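You will see subunit A twice below: alongside subunit B first, and alongside subunit C after that.
The block that comes next holds the complex of A and B.
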């Protein structure tokens, strides 16, 4: 029983780990991009489970990128240490910012977090001595000297780490707290949930993950710049992935990330300048016809077929 | 156990609580009054959902006024809010669990408390896996009360539990409330004076934010003002 229960996870992990054995450098490169976006999609969804629509993803991603690269260039630590530092900086900044902005709700919270990317980018641009100003900074060498297989494993580790954190959130008391806050904050308070503490906690954790993703991304591609590192793509693509896969669960954003990541790469080859149009169309169609996302639709179908079988 | 002393609260310029004082020992106490009298504001002031301008609320000798709501709840007060009292997109079971999961002392007794809820409201066991939002109005109210009792509170506060229920359910509800009085002290805000007076031992009548009358239930039942204004006699 226990064995069969974990079998899909073990198989999935093994398949993901062994992927480089039967793929070339090109597919590995594609997978690296997909996994980074998947990590962001999952972290965005983890905050959404508490009912808070956060638009700070790109901001904390860029902050993590800069923190990692600047520490690496100026102090000369191991890349892993600098990536971890990127996560810590993003987490700590989110904690401090969260103490203030998590008093806001709904659109006000969303807009304020959206502004973070802009603020971080402006601040960093205005310390050219340290950050390279609007030029940004380049690494002399990418991590692992650009070896795509090793890079793939690194990014895979990041994605798996995020999945594990997300599952911990789903399987402990944190889940009940976040779900109850999303359902009705006043009732959550009346059940003894420390609403503010949980929101600050989850905001800091998810932002730290985004910082880790940023640090990793910066080491993989070897540069940071205000426009590149804080690009709205690091907010919009993950958001689309989570919506496509289905929000409020671990596997929705994961599946959405894999499907949309693969699809957009394929479309890029088919219609080089029009793939974003198709991309947008997919999002419109999904919101109209699969509002629960892919996983939500599968789950509803599964439940229905089981109920019918039970009735016979 | 609970002492409210000279509470004053304003919404803008409207003076909605005027020197309200009341006490709850270990018995069941009702707060009666028409719409807009200040019953819900009083309840919210006790649990910290609104901050009164002056006065004090003490529970077991400790002031609740500066405490955030979740701390008040953890100190042994449970609240059944007026309407919107559940998490509609969570299962009945998860709703019940949320009543005890965040109360440090109640967590380890969760299975026993769940059992007690199902004994008190058997329908909840049948519905355990359904989403709370799919229950009927009466079942939802029962669930809200059961959830509040999950933490074995010292004081249970009910804010208009009979609101929106059909008459036969109202009778059943107050019957349950009377039984609950054996397990905890109760403070119940109600408009349905006729029926809820049978469920409590003592009551306060609140009008325009002031305590207009107080006394044991049977005394209130005989009072001319109560009979004319609330019982239609």
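The block that comes next holds the complex of A and C.
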């Protein structure tokens, strides 16, 4: 019983780990990008489960990138240490920012977090001695000297780590706290939920994950720059992935990440830059016709067919 | 010894004084009714006591503890439970999980204990098949769910804001029995209600609010005959 329950996860993990054995370097590289975006999609969704629409994804991603690269270049630590540092910096900044802005709700919170990427980029641009200004900084070498298989495993580890954190959120009291806040904040408060504490906690954890993703990305591609590291792509693509797959769960954003990641790579080859149009179209179509996303629609269909079968 | 006590409680919204000079006590094992015409300040008073609105003046004591400025989740931990006038089920959770929220965060129980507490409370309230989604519940079941969620936080004082509204007479009878059962466990109860037969049958004592303050107090038989109360409800005789 227990064995069969975990079998799909074990098989999925094994398949993902062994992917480089039969994929070739090109698909490996595609997968690296997909897994980074998937990590961002999942972390964005984890905050959304509390009802807060955060647009700070690109901001904390870029902040983590810079923190990791600057520590690596200036202090010369192991790349892993610098990536972890990127996560810590993003998490701590989110904690401080969160203490202030998590008193805002809805549109006000969304707009404030959207501004973060711009603010971080301006600040970093204005310390050219340390950050390289508008040029940014380059690494002498990418991590693992650009060995795509090792890079793939590193990024896979990041994605699996995020999936595990997301499942911890789903299987502990955290899910009930976040869902109650999302459904009705007054009820949550009156039932003893420390709403502010939970929101600050989730904002800090998800931003730290975005910082880790940023640090990893910067080591994989070997550079940071204000335009590149804080690009709106690191917000819009993850958002489209989570919406496509279905929000408020672990597997929705994961499925959306895989589907949209593969699709966007294909479209990039067919119509360069046209993939951006397609992201927009997907957000519109999914919002209109599949508000539950792919996983939500499948789940609803599964439940319906089971209920009818049970009734017969 | 009073379980809950307010002293000259006031809540203003800008220039509007919704509640003022509200002083009352709730004794152990008492069922207190709060009645009054629409806009009298009943729900505002509950919101001020449960912490959703901070009072603008006055004091609130739960037992010996001054909770006037405690945040709502702390008041819940200390023993204030409430339901809402318009039902607010947590729609993305099952019935069981709705009740668990109270036990998990009001009492800091573990998931396993909370699951069991939810079962016991559901059984006590006669709420069946609790692993259903909230959208499959009837109005009566949702009302029971709201009471169950408040009860799961193990309150000393329970505020019921119009829980009988919208129930038919059989359902009301069932709900009355449930409320008496809760009182018998040692919870002091404060009901806000428009259905006068409920107030008559259920309460030990009634306070009547009008214009944000108390205009009469006593057993139902006494306040219902009070000319000021009749005037507040029906208007002055010309």
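As a convention for this text, the second predicted complex is superposed on the first by the 309 of 312 C-alpha atoms of A that agree within 3 Å, B and C clash if a C-alpha of one lies under 4 Å from a C-alpha of the other, contacts with A are read in each partner's own complex, and residues count from 1 in each chain.
Going forward, a contact is a pair of C-beta atoms (placed from the backbone, for glycine too) under 8 Å apart; a residue touches a chain by one contact, two chains touch by 3 or more.
The structure presented is a predicted model; accordingly, all values stated were derived computationally and were not measured.
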item: Clash-or-fit label for the pair subunit B, subunit C on subunit A; value: clash
item: Which superposed partner A:193 touches (first subunit B, second subunit C, both, neither); value: both
item: Touched partner set for A:74, first subunit B, second subunit C, both or neither; value: neither
item: Which superposed partner A:184 touches (first subunit B, second subunit C, both, neither); value: both
item: Subunit B versus subunit C as contact partner of A:305, first or second or both or neither; value: neither
item: Which superposed partner A:176 touches (first subunit B, second subunit C, both, neither); value: both
item: Set of subunit A residues, in rising order, touched by both subunit B and subunit C; value: 173, 176-177, 179-180, 183-184, 186-195
item: Subunit A to subunit B touching residues, read off their complex; value: 173, 176-177, 179-180, 183-184, 186-196
item: Contact footprint of subunit A on subunit B as seen in their complex; value: 47, 49, 68-70, 73-74, 78-79, 81, 84-90, 94, 97-99, 101-103, 147, 151
item: In the complex, subunit A residues that touch subunit C; value: 172-173, 176-177, 179-180, 182-184, 186-195, 248
item: List of subunit C residues in touch with subunit A within their complex; value: 50-52, 71-73, 76-77, 81-82, 84, 88-93, 97, 100-102, 104-107, 111, 114, 149-150, 153
